[in-house]
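Chain nomenclature is as follows: A, B, C, D, E and F, assigned in order of appearance, with residue numbering initiated at 1 for each chain independently.
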Amino acid sequence: MTRILWVNPGEPPANLNEEFRQLLTREKEASTEVDVVSTGRGPRDLEYRYYEALVIPDTLHRLRQAEKEGYEGAVIGCFYDPGVEEARELTNLIVIGPGEASMRLASVLGHTFSVIVGREKWIPQMRENVARHGMEGRLASFRAVDLPVCEMRTDEPETARRIERAARAAVEEDGAEVIILGCTMEYGFYQDLQQRLHVPVVDPVLAAFKTAEWLVGLKNRYGWSHSKVRAYEPPPEGQIRAWDLARQYGID
Amino acid sequence: MTRILWVNPGEPPANLNEEFRQLLTREKEASTEVDVVSTGRGPRDLEYRYYEALVIPDTLHRLRQAEKEGYEGAVIGCFYDPGVEEARELTNLIVIGPGEASMRLASVLGHTFSVIVGREKWIPQMRENVARHGMEGRLASFRAVDLPVCEMRTDEPETARRIERAARAAVEEDGAEVIILGCTMEYGFYQDLQQRLHVPVVDPVLAAFKTAEWLVGLKNRYGWSHSKVRAYEPPPEGQIRAWDLARQYGID
Amino acid sequence: MTRILWVNPGEPPANLNEEFRQLLTREKEASTEVDVVSTGRGPRDLEYRYYEALVIPDTLHRLRQAEKEGYEGAVIGCFYDPGVEEARELTNLIVIGPGEASMRLASVLGHTFSVIVGREKWIPQMRENVARHGMEGRLASFRAVDLPVCEMRTDEPETARRIERAARAAVEEDGAEVIILGCTMEYGFYQDLQQRLHVPVVDPVLAAFKTAEWLVGLKNRYGWSHSKVRAYEPPPEGQIRAWDLARQYGID
Amino acid sequence: MTRILWVNPGEPPANLNEEFRQLLTREKEASTEVDVVSTGRGPRDLEYRYYEALVIPDTLHRLRQAEKEGYEGAVIGCFYDPGVEEARELTNLIVIGPGEASMRLASVLGHTFSVIVGREKWIPQMRENVARHGMEGRLASFRAVDLPVCEMRTDEPETARRIERAARAAVEEDGAEVIILGCTMEYGFYQDLQQRLHVPVVDPVLAAFKTAEWLVGLKNRYGWSHSKVRAYEPPPEGQIRAWDLARQYGID
Amino acid sequence: MTRILWVNPGEPPANLNEEFRQLLTREKEASTEVDVVSTGRGPRDLEYRYYEALVIPDTLHRLRQAEKEGYEGAVIGCFYDPGVEEARELTNLIVIGPGEASMRLASVLGHTFSVIVGREKWIPQMRENVARHGMEGRLASFRAVDLPVCEMRTDEPETARRIERAARAAVEEDGAEVIILGCTMEYGFYQDLQQRLHVPVVDPVLAAFKTAEWLVGLKNRYGWSHSKVRAYEPPPEGQIRAWDLARQYGID
Amino acid sequence: MTRILWVNPGEPPANLNEEFRQLLTREKEASTEVDVVSTGRGPRDLEYRYYEALVIPDTLHRLRQAEKEGYEGAVIGCFYDPGVEEARELTNLIVIGPGEASMRLASVLGHTFSVIVGREKWIPQMRENVARHGMEGRLASFRAVDLPVCEMRTDEPETARRIERAARAAVEEDGAEVIILGCTMEYGFYQDLQQRLHVPVVDPVLAAFKTAEWLVGLKNRYGWSHSKVRAYEPPPEGQIRAWDLARQYGID
């Protein structure tokens, strides 16, 4: 049994958790159990660094609780991968985000990829993530479709058209061999696009979930989990208690 | 008049704020006004990513308030520079951290620098910061003195001896031309060390404060502030209000 | 059903194929079918570039045949990953090698890894592979145990001792957070080592096989396969026939 | 008291020194004393490497004299930063050039910058400087306005128009968050441009001068000067005398 | 006497060997002896990685024989440089390919170069070669003329026109200071192009041949040959015999 | 006929020019004519950046004169390669220095090289040159023998012993496959060292001279000279005359 928790940080639009739960339930292995939650307060999306900062503590506390509840892996559902490094440090869960998962997958599928983002604003932070993962040499381009997160699903055919236009330009002009949809709110568009462009189109929601599921399997079988030496060395539980952090931050 | 706020994120040891206030008051320009605050709850130091995540929202809200109170610049007092990018996005303050300030300064003073850290745990995250600032080519080494933040000032002569031993090895074996003290809790050790080693030793507290003071001066005179295009484009105030974020996160 | 072919290129020691078949059969998912073959002629191991060059054509032809036989994925069983790029171009199989698979996995498990190789000779070519995959920033070190491939299993306790000594030095002196065993002939040593060192130790045989199995699953479900645009654009079948390559190279 | 010497290397157009003296006197701190000189012979501008080579020795000798006269810092007034490294080695002055100062400042103000140069000719050498300072990752683009140095001030409104056109393209097409004016002869254009483009526009003359002033302040207060170990280790005075270099090069 | 063997791997178009023999005989030093051979079976050109893989073993065996016949240097005649690393390992010959030779030469001739290739397909593999040789910083661009290898000489005036158009765009739009013709089938076009574009145009055939000739001269005079330590350490002859590789691969 | 001028910048020790003339005359091709000069004033060696700055103008003027005298190529005889870029810009000569020539050659001979320098002081500037030429990935190490330039030939057996000790450590501990002697005053030591270490040892004097000779041959035959577009675009002769530079700098 592999138990995965997908966290949509903040307070996403109504039904999104349920929609994702249905989607991931369709896509999971038989032996996987998946739940989708959000952290219960905060912004509706994470278009800004400020919003990410707001939701990370709640996300970490939710994952800490998830670990106690027996979950073995978690996805933090935002392409910026907010809190992923922190969660690997704090908990013993396997943790992954859509950004890292999509880039890792894309770089096996081809030599170069382009990321289709909503707005130019996103690019500098994502470029830092590309660099952190050693993928600069693989990045063909970022292309923006001029839609904020909250309008991605307002007019789906229009969004699909814009994504296709940007992705086609990436393949034809920028040398992209693979397309990554650079926002979880672009979920589901990959299938049609892939058929029209004849290159792999990575859906970040599926990439992250299937990566988490696979990594948990490896951990259960071979003991391969995030190293707790150096980068992910956890804070001492005694210190957390001595400093009374749970009470201070309103955690049960 | 230049108004700078130094924020010690979390709940640092008693007297630290006052000690820093006295230190910075001695070091400021006549026309500068400096205050030192902490965010009032949280961990005593930021040795772990989890602790950083906890204190960043409070830090951002404190800086937002500082902006309203008329401050023009801020230092976030931790060598990891937690929240610096977020604060540049959220506010119109000049914002800097000791890590970035020290590395920028050191790279003018010599071709290479070494950073003297407390524990090996700190190195991976700091190495990412070195890379983010394009300083890999300048980094001679990290050297750890095997002291957590909270023991840095327990036995100051012993700490001084360990720092000197590590710094001397960095100069003689690793090719360092400049030494950076890689923790705000190493403040004050630079002076003696500099005389003994005959290379510049950068104090991160002074480096950050004097950088903030200088940048605010440039902003006031020439209008050079953090660009609000792309990376630091701020979240719309209307959205923050519409999502009722202030109430949700207990901000006045 | 997922059908994977593991190819041990060249003519490996007797029983190796059978040993690997049993190993992979134990490790596979229920729905996976795995076979292990070698290419039937050539060197016993691939310690030299010349040996790699010799076995690549036979490997490619074996994979071309495998595709016709209905296999969906393949592992080329050597840590140098010989022929992987070529096979992705020539066939529609999912293809992976132990080197790439191990490095990709290790870089999710920690910030840095060290690779335990047999001889110094291997390092330059493997370093090129590290660079090709954008992993220079993740590489803590290579450490050699002074054993050629063909002596890796001669005295297994001695090999284990040497690997442990090298791996421990990598963790303690080089800053490695994860250890990669850098030769398929080091299979099986990971388990004991992992318990003694308290860091993840990646077995390259398992890493490659489980990666192939997972990628084939993604391909079958989402159509994500190696992009056939640019890098992996295949040679035209008509040209292969017109030039009579099959007859010239003795392929049926 | 902070004493800074601005050196315009070579024999710049009449009045330039006086114009810069007035400009810098307006911009200096009260406690700063600034003088502007040129080296008294040589080319009128440094558009070519040959011209730089010609003026560097005179510049170094002028700075050596400046050190004896009690100056504490110097700016070498050309965006190529000719002689800066040499002067840091030869003297104990704080030395900076407009190129380095502008890039350092711009990279605090935003994630990316573009440099507006006069001619394409300048780009390769400046790109080397960008790389030397670890700023490749920050460089959005170079854009040339097709004006040699000596025509920059011939028709100022036309120059302003060209710079604006190039800078606007850099922001809108190349992703620049900050603009650097890449020639000291572009001084003064920043103010108007900044208001029109809504991004910071760095004036290289002001950036260099204010950096020098600040660094001298730090040196006087904390002893932070260019490290004299390795890169900036100075030639032995005894050797300079023994080889009779002063007489040979006509220095008093 | 310097004896060089030019190998056209595979089975190139009739007369090509003879044409190259005449060309190189015209271009050689008086004391050089040059022969041109192909490997006698295989594809007509090496547009795909599969084709390269097919011809490398025959090429290596031909070079091994060449070494016995007294040749001192060899060129492997394809811009991808297939088998060059392997041949340096296996034999004591000086070995070079047109890609490496052209890039090394171009980077002395100017700061940047562009490579004019036949098809987009070639770019990812060539980009890897650029990176392997540390030339990313020198690469202005790749430009493709939309011709496969086998059509390069079909309509020579048309090919010349396409190359000129691509090369001119590289110089005028991409900042190239030097042009490299990125396919041996582009031999001879350099002369006219150079006169029209006023930048150096490197012919890969001449670049490779003259490099080989020069390196053999250095080896004969100073003993400078490919280091046999680490990267090019050769396989033990005893092992090659013990494994009966010659018989298995049909070598005499 | 190939005419090369070797310039020893400054005023080197008596007999050095004559010694080099004899050496190069022994090593030249029959059709080459070589002369050795120094610039007639200045420091005896170029251990410091200041000394380099002093000799570059005289060197450039000597090369300008050489061009008029019919020379076709020049070597600037110092491993720092002072003035090489400037000379390529100012003149139409082929120009090379020992540093660039040695590194280019070494990187064909093996994957990695170490440079044996006199003093630690030299390393930062040489490391910048390594980076400028894209060779960071090839650099195994710098090793210093603690001898200034002027003592390199004082006790030649002792110098040889020190070089051997450093070079052996580079091969055995740092992974060097090739050794570069990083100072022209180390000329001649390569031969004995090469036999003792069994790796190629590059003599910088021979490397530079033979590179110049070869490049001039290519220029004469194929017109391949330094591109005069962008980086090496020369200053206009009219401007040089109008500004009366020759008179100002005492050139005939």
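To be clear about the criterion, a residue touches a chain if its C-beta (ideal position, glycine included) is under 8 Å from a C-beta of that chain, and two chains touch if they have at least 3 such contacts.
In this text, all values refer to a predicted model and were calculated from it rather than measured experimentally.
Think of each touching pair as a link: the shortest run of links from subunit B to subunit F has 1 of them. Touch-path distance (fewest steps) from subunit C to subunit E is 1. Using the average of C-alpha coordinates as each chain's centre, D ends up farthest from subunit C.
When every chain is reduced to the mean of its CA atoms, the largest separation from subunit E belongs to B. For C-E, the equivalent interface among the listed pairs B-F, A-B or B-C is A-B, as over half of the contact pairs agree by residue number.
Computed centre separation for the pair subunit A/subunit C is 28 angstrom, with centres defined by C-alpha atoms. Here the spacing of subunit C and subunit D, counted between their Cα centres, is 53 Å.
Centre-to-centre spacing of subunit A and subunit E amounts to 45 Å, using the average Cα coordinate of each chain.
Shown for subunit B are the residues in touch with two or more other chains, namely 111-112, 120, 123-124, 131, 137, 175, 177, 230-231.
Checking each pair of chains for touch leaves A-B, A-C, A-D, A-E, B-C, B-D, B-F, C-E, C-F, D-E, D-F, E-F. If you check the complex, the residues on subunit C that touch subunit E are 11, 41-44, 47-54, 56-57, 60, 83, 85-86, 89-90, 120-121, 123-125, 128, 131-132, 230-231, 233-235, 239, 243, 245, 248-249. By the touch criterion given at the top, residues 111-112, 137, 175, 177 of subunit F touch subunit C in their complex.
By the touch rule above, subunit F contacts subunit B in their complex via residues 120, 123-124, 127, 131. Note for the complex: subunit F touches subunit E at residues 27, 96, 100, 104-105, 107-112, 133-138, 171, 175, 177-178, 190-191, 194, 198-200, 202-203, 206, 210, 214-215, 217-218, 221-232.
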